[in-house]
Amino acid sequence: DDTIKFALLQDFTAVYTFVTDEYNQGQRDYVELINREGGIGGQQIELLIRDTGNEPQRGIEAYNRARREGAVLVDFLSTPVSRAAVNRVLDDEVVMITALHGRGDASDGTTFPFVFPMMATYWSQATVLLDYIDREAGGLEGKRIAHVYIDSPFGREPVPVMQALAERKGFEVRTFAYPSPGNEQSATWSDVRRFRPDHVILWGAGGGQAVSVREAIRNGIPVENVYSVVWMAETDARTIGADRAVGLKRFEAVGTGTDYPVMQRIMEHVVEPGHGAGPRENVGTTYYNIGVATMAVAVEGARIALEEFGAPLTGDKLRQGLEMVTEYDAEGMMPPVTLSSEDHQGGGYGRVSQWNGQAWEAVSDWFNAHQDVVWEEIKKDAAGFREGR
Amino acid sequence: MVDKQNASPEQVLVCEDVSRWFGGLQAVKSISIGIRQGEIFGLVGPNGSGKTTLVNAITGFYPPQQGTIRFYGEPINRLKPHKVAMQGIARTFQNVALFKGMSVLDNILMGRHIFMRPSALASLFYWWWAQKEEIAHREKVEEIIDLLQLESVRDEPVDVIPLGMQKRVELARALCAEPKFLILDEPMAGMNQEEKEYMVRFILDAQEALGLTVLLIEHHMDVVTAICDRVVVLNNGEKIAEGPAREAINDPAVVAAYIGKKDDAA
Amino acid sequence: MSNQAAQAQPEATTDNLLTMSNVEVVYDKVFLAIKGVSLQVGKGDMVALLGANGAGKSTTLKTISGLLAPERGAVTRGTVEFQGRNILPLGAPARVALGMVHVLEGRRIFEHLTPEDNLLAAFPSRGSRQRFNELKEQVFTYFPRLKERARTKSGYLSGGEQQMLAIGRALMTEPELIMLDEPSLGLAPLLVQEIFAIIREINQQQKVSVLLVEQNASAALEIVRHAYLIENGHVVMDGKAEVLRQNPDVQEFYLGGAGKVDYHNVKHYRRRKRWLA
Amino acid sequence: MDIYYFLELLINGGLTGLMYSLTALGIVLIYKSAGVPNLAQGAMVMISAYLIWWLASVTGMNVFIAIALACIGMFLFGLLAERVLLRKMVGQPIIMIVMLTLGLEIFLRGLGPGLLGAAPKSLDLGIDLMPIIIGDIFINRAYLIGGIVAAIMVGLSLLFFRTRLGTKLRAVSDDHVSSWSVGISVEKAIGVSWGLAGVSAVAAGALWGSVQGVDWTLSTLLFPAVAVVILGGLDSIYGVLVAGLIVGILGSVIPGYVDPLVGGGTRDVVTSLIILLTIMFRPHGMFGREDIERV
Amino acid sequence: MFYRLSGVHHTRYQTARALWPIPTDRRVVYLLLGLALAAPLYMSDLYLTSYMLPWLIWSAAALSLTLLMGIAGQLHFGFAAVMAIGAYTSIHLTRAGVPFELALIGAGLMAAVIGCIFGAAALRVKGLYLVMATLAMQYLVDWTIINVPAISGGAQATLSTPDVRLLFVPLQGDTAMYYGALLWVVIVTLLVLNIKRTSFGRALVAIRDKDFAASVIGVNPFKYKLLAFFTSSFLGGVSGAVLAFCYYQAVTPEQFGFNVSIQLVAMVLVGGLGSVIGAFMGAGFVLLLPIILTNVVAWMSIMGWLSVSSNLLAHIPLMVYGALIIGFILFEPLGLAKIYDNLRKYFLVWPFRHTQS
């Protein structure tokens, strides 16, 4: 058959529930839109969706099944499952996208030809946030930055980059870990308060994020000085209290809201006529839009691949197609992404946005920063992976 | 039947001054007894008088806090229960303590444990290693099964057979260890007359066939007077009478504390 | 022989408290433990159920008191009536409320509770505090020893004391019928006599009917009026206590022969159960 | 380091410990009467929070009315759990019962997020975020309220077990069959204890839900709660309070000083060690009853 | 009927103690083994690598745990940690150039030694308390692995398995890995079966059923409890290594988290505590059921038979899975093995309904 198959094998029931619902809804709505607009080069896209429960072996089963059904792209939205599957996708030549999660070192396209982070890695997110502080929020030199993170590899991931920048820019970072899932962090924050940080950077996800911000407020740290990794969304702001969270800043990979042409078309052709994949109020949320953006890039890559190499689309063609994506910004919804066979991150762009009581509002332009430091990390870890092989 | 008169007066098991406390309660108070080779020695007394506790002290479950216990001259009061077992002391329990998950046969085979060399490796190489041992010990077990007439239930799971049979299996398991000394804690509790008679028969047969010395705790006075050579009566952890069964039991103190109405005592 | 016994049916069928007819019980869906057991207990009556180990005595009691379910047992045939009412559909607590109580084999008191709390636990929730105190005092007059130990954990009581507590606890429900499963099990002779005396007293003073399961047949046959003999899940004989006491089979198997047994010369291969075909 | 830091860790730790006690209390209530270690208590807390959220946000009622209704709902849930699940488990080995409650936990973790949405929800009880400040000590108001609620609930439970019904419940935990034999309705007793555990789950769900939002992670409160019940003694209500304080304080003070040195979240390590050491050195906990075991 | 006990007489102790004394059972075993050996010939690679292979390895792990929980009666809620120790040890050893066979033994030994520390708790407590103690140890092991880079390989811990040879055959490709796993599960199965019928197994069962009664016949309860932990952890460690090398081809801490321990326990219980065949059935059930449920539910919704929100759809398998575990424990506490056994008994006594009393 002549459909293109993308496999969205995600964790709907365990650790990533905070994001998966909306993210997956966005992905599906976007694909629905593409299909309604005639597909890619006349071919429809079929989505294979499964829950993996964040369990590596369920992920592997789902992956094997999807591969057999002819999927050319897979998105696990789960660090453990992506990690467990990485060797397989490399062997099978199936494209795996790991937007905003998973291994940052996969940005090294030469080592990971089939893995596409395609958006800012955690390292790039850290540099963007720090650079923003440097340029817009009073500079970094001599400042004290508290890195408060969930005690997991994910939470620790940006630490080396932050430390490198601390050296370069002459500020002090201190790390504060709280145990997962972070529903209770008071001891950690007593310590943070005594550090008297100028800025706090939060590296967590899910329920722990709201707890962090509330603790920050309680400990007298102005919300404006609190920054978060990409995993801070509307729901978190509401859990904190929509008013209390005003001023909170975060890294943003994709614009929110429905004011983009793509979103308008989704509203018009998919959501309004009732073809949407989920509740209407999710449309335009942070994670929904990230979902849309991932599919937009993937579809763009597929479009190029089909144009260049013709049907049928294979994993390898898709990879090459993606590697030819240049300056693609999903009609303004995201920073321009340029992928190449070396760089699967796409530049590491993002921006900082701020909660205004109702929505996240951009407070900077799209930019990237200190990619040299980021790439140092990428190269180092990629080398580690090659050795491990 | 062993000729009681000629039984060697050598004392096999000697308790000297044995005491045991549970918290503030002294369950056994400076008890001294000596049990002779080949005899059936009765231990009786009211409930809670410390009989089981004394036996537990001998078999290492509740090591006496005071006093010594010698078995063939060797002190055993500091040994762990399994070490005591290896010295040649076997016992049954007041409440049947069989291994519920096993068949009767396996329960009795367990009695051979001290003669076997169990290990996971031996099991892995069963056909070269463990099989011979298993079969060799089966023979001894079958002998005991014959002796105690357990053929009919050999392959039954042990928890479905009647209590009387279970007590017999427990006895069989103890006998399989080829002990020199056997302790029976109320082997006839909950049995009717007929079953009691069977049990007595088995005890006597076993004693005769294997040349055992037996320590018997029982509340059935007819049995005690019939088969025990000597008895010790405990009350409140203290020894209140000692001597040939009939005399000890007719001691007024014993009657008052333990027997009650005279005519019940045989 | 059993026909002859069967003729000696209880005289007073009109005021029967408990009637069990033709009951069959299966454990685990496969094991047939009793096979058509029928028996009756009159008001104020004292009846014994005798039999070898595994004959099905405890099963019979559990059938009456409704305690088969936890052991995966089920009644597959027959009826049990209490006060003229079919009780098989009722759960155990409901049967207790009707006025029967079962003292389980092996005492099974509430180990972590004091004797006093054991009594309280068995006392019906709707009863008044005053009634409780009355009943408690009554139990303590039967068993003065319990009063002394009313505040220690029951798990540390001696066997006899635990048995007393179990009986006393049962009395707290103010039963019309008390079923006792081997109350003499493991008790010293003196205590056996005491317990039996108290059972008789309870029966006579309070007109509580008693259904007694015993291995100690001679003691049981002395105090009961009527007895049933159960073997292998069947009632093989029943009759008045004094009649049964004279029966030679009963004498041989349950009472230790006519005279005293000579244990050293017990015949090795006795024919078991000659009343079975 | 400064004494205020220590005191703050101590006080907030103690209070969070009491918040854990709210979850732990449910476990103890059930264990004390049914002898069942309810590993689904965390999930019950989560379900309670979902229920409150649903009542409050979907029907728009006042959150405290929602909490009251949730109490009724969870009490009924407890009765139902007994009727459907535990009634059949009488006499089963402990491992089966443990697994059963784990099965229940899996089921509930599917049910709540499945029906009401997996993304985190916010539950606002209107507790002021601003801390109570004494000297340089910042005390968390939510935890303070939680601690007070926990202490009140523990007190009520203590009183409850003094009653006649309480005695029957304790009897039931000793021996189901003999409870039956003397006319105690084991089913009803266990049902009540599950119901009460459901009510205590509502308290925990409301407070924790307001602190961290409502999603499945509420069920992970089970782990510290387990530490509390192990340390306090599985059947000691009083122990819940004391052990809650200790677990909370140790889990706050030790990481407060050790974390900066090792650069990791050591609280779960502390919690694990509390469980382990208690079991190794005093298995029945500080106030739990000892098993009466006789050879 | 073809399935009869009658006519089978044992004249020697040896045959009475055979693993499968009934000829039909024996034939079934041979048949299954034959089918397993030929699997790569008739099974698609999806089924071979996503179902058959993990099922075999998890069966081996479940068997290891059955030895401890079912036979020796020591509850263990931290078995995934034991497997993790095996997996990490094997990887580090092979990376250091140790031959795979030796690395497996090393993995087993390391797991066994640390497993015995878990066992130390068992010397003091049983039942529920042991559950809690092992659970706490699972957390500690997890934490240690995650926080010690020397073990996990750093913050983004994924250690890929190096290329190795097993008995001179390169362990690459689905087929080789499958046979490697099959070999291991056959060894574990035979071992556990043989343990069950020899003195070692009896001693373990004795400790489980009545430890004090075991000690009066000379069984040292301490020693056998520790031996149970040692043996079972050894097998668990090797199973962890096999899982890493033959299935995941990499190790990360999440592969051996707390929920994996719970799954292992579920395998053992749903299969039937102490049963060998049950371990296979339980592993199949717990491993494959969520997958199958997910696929069935997805398929139903694609067919339009189930129109609910995608969120609910994703959670239905979780609910059904929980409900099924509950259902099994409620309605057949002796597990799948018992259901199988009932069927088998039904044929054995056919045409009668029950065995005689």
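First chain written, first letter: the chains are A, B, C, D and E, and each begins at residue 1.
Keep in mind that, in the parts below, a residue touches a chain if its C-beta (ideal position, glycine included) is under 8 Å from a C-beta of that chain, and two chains touch if they have at least 3 such contacts.
Being a predicted model, the structure only gives us computed values, none of them experimental.
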Over the chains that touch one another, what is the least number of steps taking chain B to chain C? 1
If you check the contacts of chain C and chain E, which chains show up for both? B, D
Chains touching chain A and chain E alike, please list them. D
Which chain's C-alpha centroid is most distant from that of chain E? C
Name the chain whose C-alpha centroid is most distant from the C-alpha centroid of chain B. A
State, to the nearest whole Å, the distance from the C-alpha centre of chain B to the C-alpha centre of chain D. 48
Centroid distance [mean C-alpha coordinates] between chain D and chain A, Å: 35
What is the distance, in whole Å, between the centres of chain B and chain E, each centre taken as the mean of its C-alpha atoms? 41
Averaging over Cα atoms per chain, report the distance between chain C and chain D in Å. 44
Return the residues of chain E touching two or more other chains; collapse runs of consecutive numbers into ranges. 212, 311, 314-315, 317-318
Set of chain D residues in contact with two or more other chains: 109-110, 113, 117-118, 264, 268, 295
I need the residues of chain A touching at least two other chains; which ones are they? 12-13, 21
Mind pulling up the chain C residues that touch chain D in the complex? 65-67, 70-71, 91-93, 95-97, 101-104, 108-113, 117-118, 120-125, 153, 155-156, 169-170, 172-173
Name, in rising order, each residue of chain A that touches chain D in their complex. 12-14, 17-22, 150-151, 174-184, 186-188, 190-191, 193-194, 206-208, 210-211, 214, 217-220, 235-236, 238-241, 244
In the complex of these two chains, what residues of chain B are touching chain E? 59-61, 80-82, 84-86, 90-91, 93, 97-102, 106, 109-114, 116-120, 122-124, 126, 130-131, 133-135, 138, 173-174, 177
Using the touch definition from the top, list the residues of chain E that touch chain D in their complex. 69, 75, 120-121, 124-125, 127-133, 135-137, 139-140, 143, 147, 212, 262, 265-266, 269, 273, 311-312, 314-326, 329-331, 333
So in the complex, which bits of chain E are touching chain A? 44-46, 49-51, 54, 146, 153-160, 247-250, 252, 254-255, 259, 287, 290-291, 294-295, 298, 309-311, 314-315, 317-318
